[in-house]
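As written, the chain order gives the labels A, B and C, with residue 1 at the start of each chain.
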Amino acid sequence: MSGNMNLTLKVWRQKSQNAQGAFETYEAKNISPDMSFLEMMDVVNEDLIKAGKEPIAFDHDCREGICGMCSMYINGRAHGPLKGVTTCQLHMRSFSSGETITIEPWRASAFPVLRDLVVDRTAFERIQQAGGYVSVNTGSVPDANAIPISKENADEAFLSAACIGCGACVAACKNSSAMLFVSAKVSQYALLPQGNVERKERVLKMVSQMDQEGFGNCSNTEACEAECPKEIKVTNIARMNREFLRAKLFS
Amino acid sequence: MTLNSNAPSGPLAEKWNNHKFNLKLVNPANKRKYDIIIVGTGLAGASAAASLAELGYNVKTFCVQDSPRRAHSIAAQGGINAAKNYRNDGDSVYRLFYDTLKGGDYRARESNVYRLAQVSVNIIDQCVAQGVPFAREYGGLLDNRSFGGAQVSRTFYAKGQTGQQLLLGAYSAMNRQIATGKIQSYTRHEMLDVVMVDGKARGIIARDLVTGQIERHSAHAVVLCTGGYGNVFYLTTYARGSNVTAIWRAHKKGAYFGNPCFTQMHPTCIPVSGDHQSKLTLMSASVRKDGRIWVPLKKGDNRKPEDIPEAERDYYLERIYPSFGNLVPRDIASRKAKEMCDQGRGVGASGLAVYLDFSDAINRLGESTVASRYGNLFDMYKQITGENPYKTPMRIYPAVHYTMGGLWVDYNLMTTIPGLYACGEANFSDHGANRLGASALMQGLADGYFVLPYTIGDYLAGEERKEVSIDSPEFVAAEKSVKDQLQKLLSINGNKTVHEFQRELGLIMWNHCGMARNENGLKEGIQKIKALRTEFWNNIKVPGVGEELNQNLERAGRVADFLELGELMMQDALQRNESCGGHFREEYQTPEGEALRDDDNYAYVAAWEYKGENQPSEMHKEKLEYEFIKRSQRSYK
Amino acid sequence: MNSAFKFLDTSIGRKVLMSLTGLFLCTFLIVHVSGNMQLFKNDYGLAFNQYSVFMTTFTPIKVVSYLLYLTIILHAISGFRLTMQNRAARKISYGATKDPRSSSWASKNMGILGTIILLFLVTHMANFWFKYKFGDVPYVQYMLDVNSGEVLGAPVGLTDSGHMKPHELMASDANGQPVKLVIVRDLYNVVKIAFQETWLVVLYLLGMIALAYHLVHGFQSSFQSLGIRHPSYASLIQGIGVWVFGILIPLLFAAMPVYFYFMKS
C-alpha cells in the first residue's frame, strides 16, 4: 500500500534477568501509519517467528492506555515521542519512513529486566503494600454520603489517583527516582478525610519501602511529570515531602 | 446431575437475609485453618481476596499481569449502578432489580438479581471508605449520572475511569492483607488446571510466566474470577491477555458452562483500520446523544462523506426507529450497523463501518460546546485514526465487549464442582441475555465483597480442617497433563503462528456467531472450527522453550481453549431457537425485524457439561421461574 | 539524635539536608556579595580591608563562618552521596537519550555544576582566605582626614616585625595637621594583583556561570524539597531563584575580577 513505511528498529534483546543483553537491529517493512506501535511490534514478531527466530518479548495488555502494562523506552523517551500517551496509544504516523527507532526497556536497578523489553515492577507493589490503603474492613463502613468531601479535594485526589503505575516516571528520571509514583498515592489519601487517620504511618512506611527498593533520589528535574502518560503533577512530590516532614518532625 | 440453583424461597426482599441466616458459619478461630485460592484479581477477585483475608482465611491470589491492579476491570469507563436513591428520583432496590432483569431480556434468576440490587448500596459505601475518589457535587456529596436502560440517575462515577478507581480501591484492600501475610499474591502466574480430589476442587496447577516453572497450589476452595471470554472473537475491546483458559479448564474438569452464546456488542467502537489491528477501542455510548448515524444510500459509494449530499444519505436508525432514533439499545444499534454493511453500504477502507456525524450538533451547538462534551473522545479518535472528527464524520462499528455467559453457578456462586466458585464476569449469572451499562462493575464487586464471603463459609464449614497435600496422585497427574500439553504445543513446530490461528478463529466466530446468527451459518461455523482446531494441533508453531518467559506459549494455550469454546458457543446459539438480548437468531424475528423471544420454550439457562475430547457436550436446563415480575416484549419504534 | 540520623538516611531527609544547607549558603552569598561591593569603592581599598578585619575578628561572625564551612562540606558530601546513589539506581544506561521535555539542563547537571563550584571555592579560598589567614599579606597604613574621613592618597607599606595587629591611631601629617592613621593588612592589593592574571579571571567567570546555573535550579528546588510549593507563590520563588540568585548575584561577583582586570593601574 502507498504511504506505508519501512523502518529500522534497534531493539534491546536479553534472554533472561541474569543474561547479558545487547541491541539487535531489525527491519520493519510495509508498516501502515495507522498501526499502533505495539501492532508494528506484532508484525515484526510474526516475521521473526516465521524466520525461525525468537520474537521480542514486551509487556502489554489493555492496549487502550489504562492498564499501565506497556513500558517501552522509544527513541530516548518513556512511551515515545508524544506527550500524555502510553506506548499502546502511540501510532506509527508519529514516525517517518526510513527512520531508525531505538527501543529499550525501562532502565532502573529497581526494575530488573526479565526478558527483552519486559521489566519487573514489583517494587511498586511492595511500596503500596507498605501503606497505600485505608484500613477498613468490608462491611464496617458508614453511609457513603456520611463523609462530605469538598469537590475541589475530591477532584484533586482523583487526579493523583489517575496514575496507572506504568513506571514511566522512574524510566524518565535521570536518577530512576520513584517519587512521582509514590507521591501520587500518598497525595490521594492525604487529600481525603478517609486517609487522615493513618496519614503519618502511611507516608513514613511508603517512603521507607521506596528507599529500600533502590530507587534514586529526586533532583526535582521534573522529567517525570513531562513524561507521565497521565500527566501526574510534581506538586504531588511537594505534598509528599510536606507530609513526610510533618510526620517526622511535628508529631 | 440435576441443576439446583439453591435459590431460597420466600418473599423476594427477604430471600438473601434468610439465606444468610441459614448459611453455616466457620468459627473465627478456625478460619485460619482454611486456604482459599483466587484466580484473577479484577474487581471480583481483588474484592473477594481482601474480604476473605479480612475474615481470617488464608488466601492465595493469582494473576497473569505483573500487578493485580492491571486486570481489565481497570478499563471500564462509565460508572457503577447502585440503588441509593440519593437523587430522590424514585429509585429503589426493586427498580434496579426490575431494570436489570428486563434489560437482560428475562434470562436471569430473579433471586440473584434482587440480591445484586440489594447489596449495590453497600458497594458504594465500601468504596468511598477505601478512598475511591468518586465525582462529587459542590456540597461535598456524591454525584450521579444517568445511564442507558434506566430512567433514574443511579450511576456513580469517577470521570471516565470508574473501573480504574474501583479496582485500585479493591487492590488497596488487597495490599493491606498482603502486608499482614493473609494474602500471598502470585503475579505473572497463569492457572492451567483445577485439581480435583475426591470430586472436590482442591487446588490448581499454575505456570510461573517468568521462569516457566509449573507449580502446584492446594486449597480448601478455589474461586475463579478471570473475567469474560470475548477474545474468542479476536478483535474486541478486551485486553489482549483476557482469556477463557481458567474457566475452560474448570469446565473440562466438570464445571458446567452457562449460556456461552450470550455475548454483547458495543455499537460505538472505532472500526478496524487494517489487517494488523489487534484491538478495538470503545467510545462511551454517550456519543450517540448528539451524533447522527448514517450510511450512503447507494451501494459502494466511494465519495468522501462531505461530498455525499443530504438526499443520498440514509439515517437508518432514525428511519427505522422514529421515536428512539439513534438512541436505541446497544444490541439493536449494533445489529443494524451490521445489516447496512452486509448490504454493501458500509464505509471506510474496509467497508465495515458506518458514519457517526456530528456536523448537525456542531452547527446547532457550536464547536466549543461539542468539544466540551466530547473533547476527550474526539482526541482519542483522532489519536487512533488520524482523522479530525470536527471536520469529517467519525466511523464506528460494533465490537464485542462483554460476555454474559460463563461458568454456571448456584445462588452461592458455586459451580457444579464442589468447592469451585466463579465470580464476576466469569460466571453466567446476573445479566441474563444482555447487560445494562454500569452493571458489570456492580456485579463484580457485589460477588466479591458481599456474596462470596458469606456463602463460601457454608461450604468450608463442612470441610476437614487439615492442609491439603500437593503430593497426592491427583496433583501429580494434573501437573503431568499440563506439562504434556505445553510440550505438545512446543513440539508441533508447524508453519502457522498462534496469532494467525487466533485471527482466523475470530473471523469465523464473528461471521458465524456474531451479531446475527442463523442455523446454517452456525452449522457451517462449527465445521470450520473443528477443521481449524485440527489444523492447530498439527500446524502450530510456538517458538522457544517452556522454561522461560514465552509469550507465544502462553497465548497458544489460550487459543487452544478458545478453539474448543468457540464450538460450544455455536452449539449453544444453535439450540436456542429464539432471539433474546445479545443473541439474535435471524429465523426468530418479528416482521419488523426485531428480536422474538420464546418464553414458553427457552426460559431456561443452558448449562453445558463437557463430555470429553471431540464428544458432543450435553446440555442441562435450569428453568427460570418468574414469581414476582411479568415478562414483556421490548419495543423501541 | 539517633532519629535525626535516621531521618537524614531517608531519601527525603537527604533532600531536606541539601535544601537547608543550600538555602543557608544562599543567605551567605547575599552577605558576601554585599560585603565585597566595598571593592568598587574609590578609597584605595580601605573599606574592603577594614571589612576583612571585621569579618575575621568579630566573634559572632567567626562562629557563623565556621558554621558556613561545615555547611559547605555537608552540602558537598551529601551531594556526592546522592549522586552516587542516583548512579547506582541505574546501572545500565540508555542507548538513546533525548532531553525530556521540561527538565532544564541545570537540573540534570547539579552534580557537575556543584563540583565546578567546589573547585572554584578551593582556588578562591587558597588565593584569598588562606593567604589572609596564614600567609604574609603585608600591613599598610592609610592616612585619613580627621574630619571628613576621606582617604588621603594611596596607603604606605609597613614592615611587620611579626607582632603587628590592625589598629588605628591619631597623628599629624607633614604639615602638622591632625590625621587618622589606619593600619590594616592590604588584602585589597592581593585581590587587585590576583585579577591581573587572565586565567584566574576566566576561572572566576566560569565559576560564576556554574553558580548561576546551580542556583537557578537549586533555589527553587530546595523549596520543592521542603514541600513548600503552592500556585500562589510558586512563581515568586521561581522569580527570586532566576533573577536574584541566577542573574544578579553571579553577575555582581563576576564584575569584581573583570573590574580589576580592566582597571590595570
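Note that contacts are C-beta pairs under 8 Å (C-beta built on N, C-alpha and C of every residue); 3 or more make two chains touch, one makes a residue touch a chain.
Model, not experiment: these values are computed from the prediction.
Closest to the protein's overall CA centre, chain by chain, comes A.
For chain A, the chain with the farthest CA centroid is C. Once the centre of each chain is set as its mean CA position, chain A and chain C turn out to be 42 Å apart.
Chain B and chain C have Cα centroids lying 68 Å from one another.
Taking each chain's centre as the average of its CA atoms, chain A and chain B sit 27 Å apart. The set of chain C residues that touch two or more partner chains is empty.
Contact residues of chain B toward chain A in the complex are 47, 50-51, 54, 65-67, 69-70, 72, 74-75, 84, 86, 122, 124-131, 133-142, 158-159, 161, 164-165, 168, 171-173, 175-176, 178-179, 185, 187, 210, 237, 239-241, 273-274, 276-279, 281-282, 380, 383-386, 449-450, 453, 497, 499-500, 541, 543-544, 548-549, 551-552.
Against chain A, the residues of chain C that register as touching in their complex are 7, 10-16, 82, 85-86, 88-98, 100-104, 107-108, 110, 217, 220-221, 224-229.
Considering their complex, residues 10, 12, 21, 23, 73, 75-77, 83, 102, 104, 107-110, 172, 174-177, 179, 207-208, 210-211, 214-223, 225-227, 234-235, 237-245, 248-249 of chain A touch chain C. Considering their complex, residues 15-16, 32-36, 38-40, 42-43, 46, 48-50, 52-55, 57, 59-64, 66-69, 85, 88-89, 91, 93, 114-115, 118, 120-122, 124-125, 128-139, 141-145, 147-151, 154-155, 157-158, 161-162, 164-165, 188-189, 192, 194-195 of chain A touch chain B.
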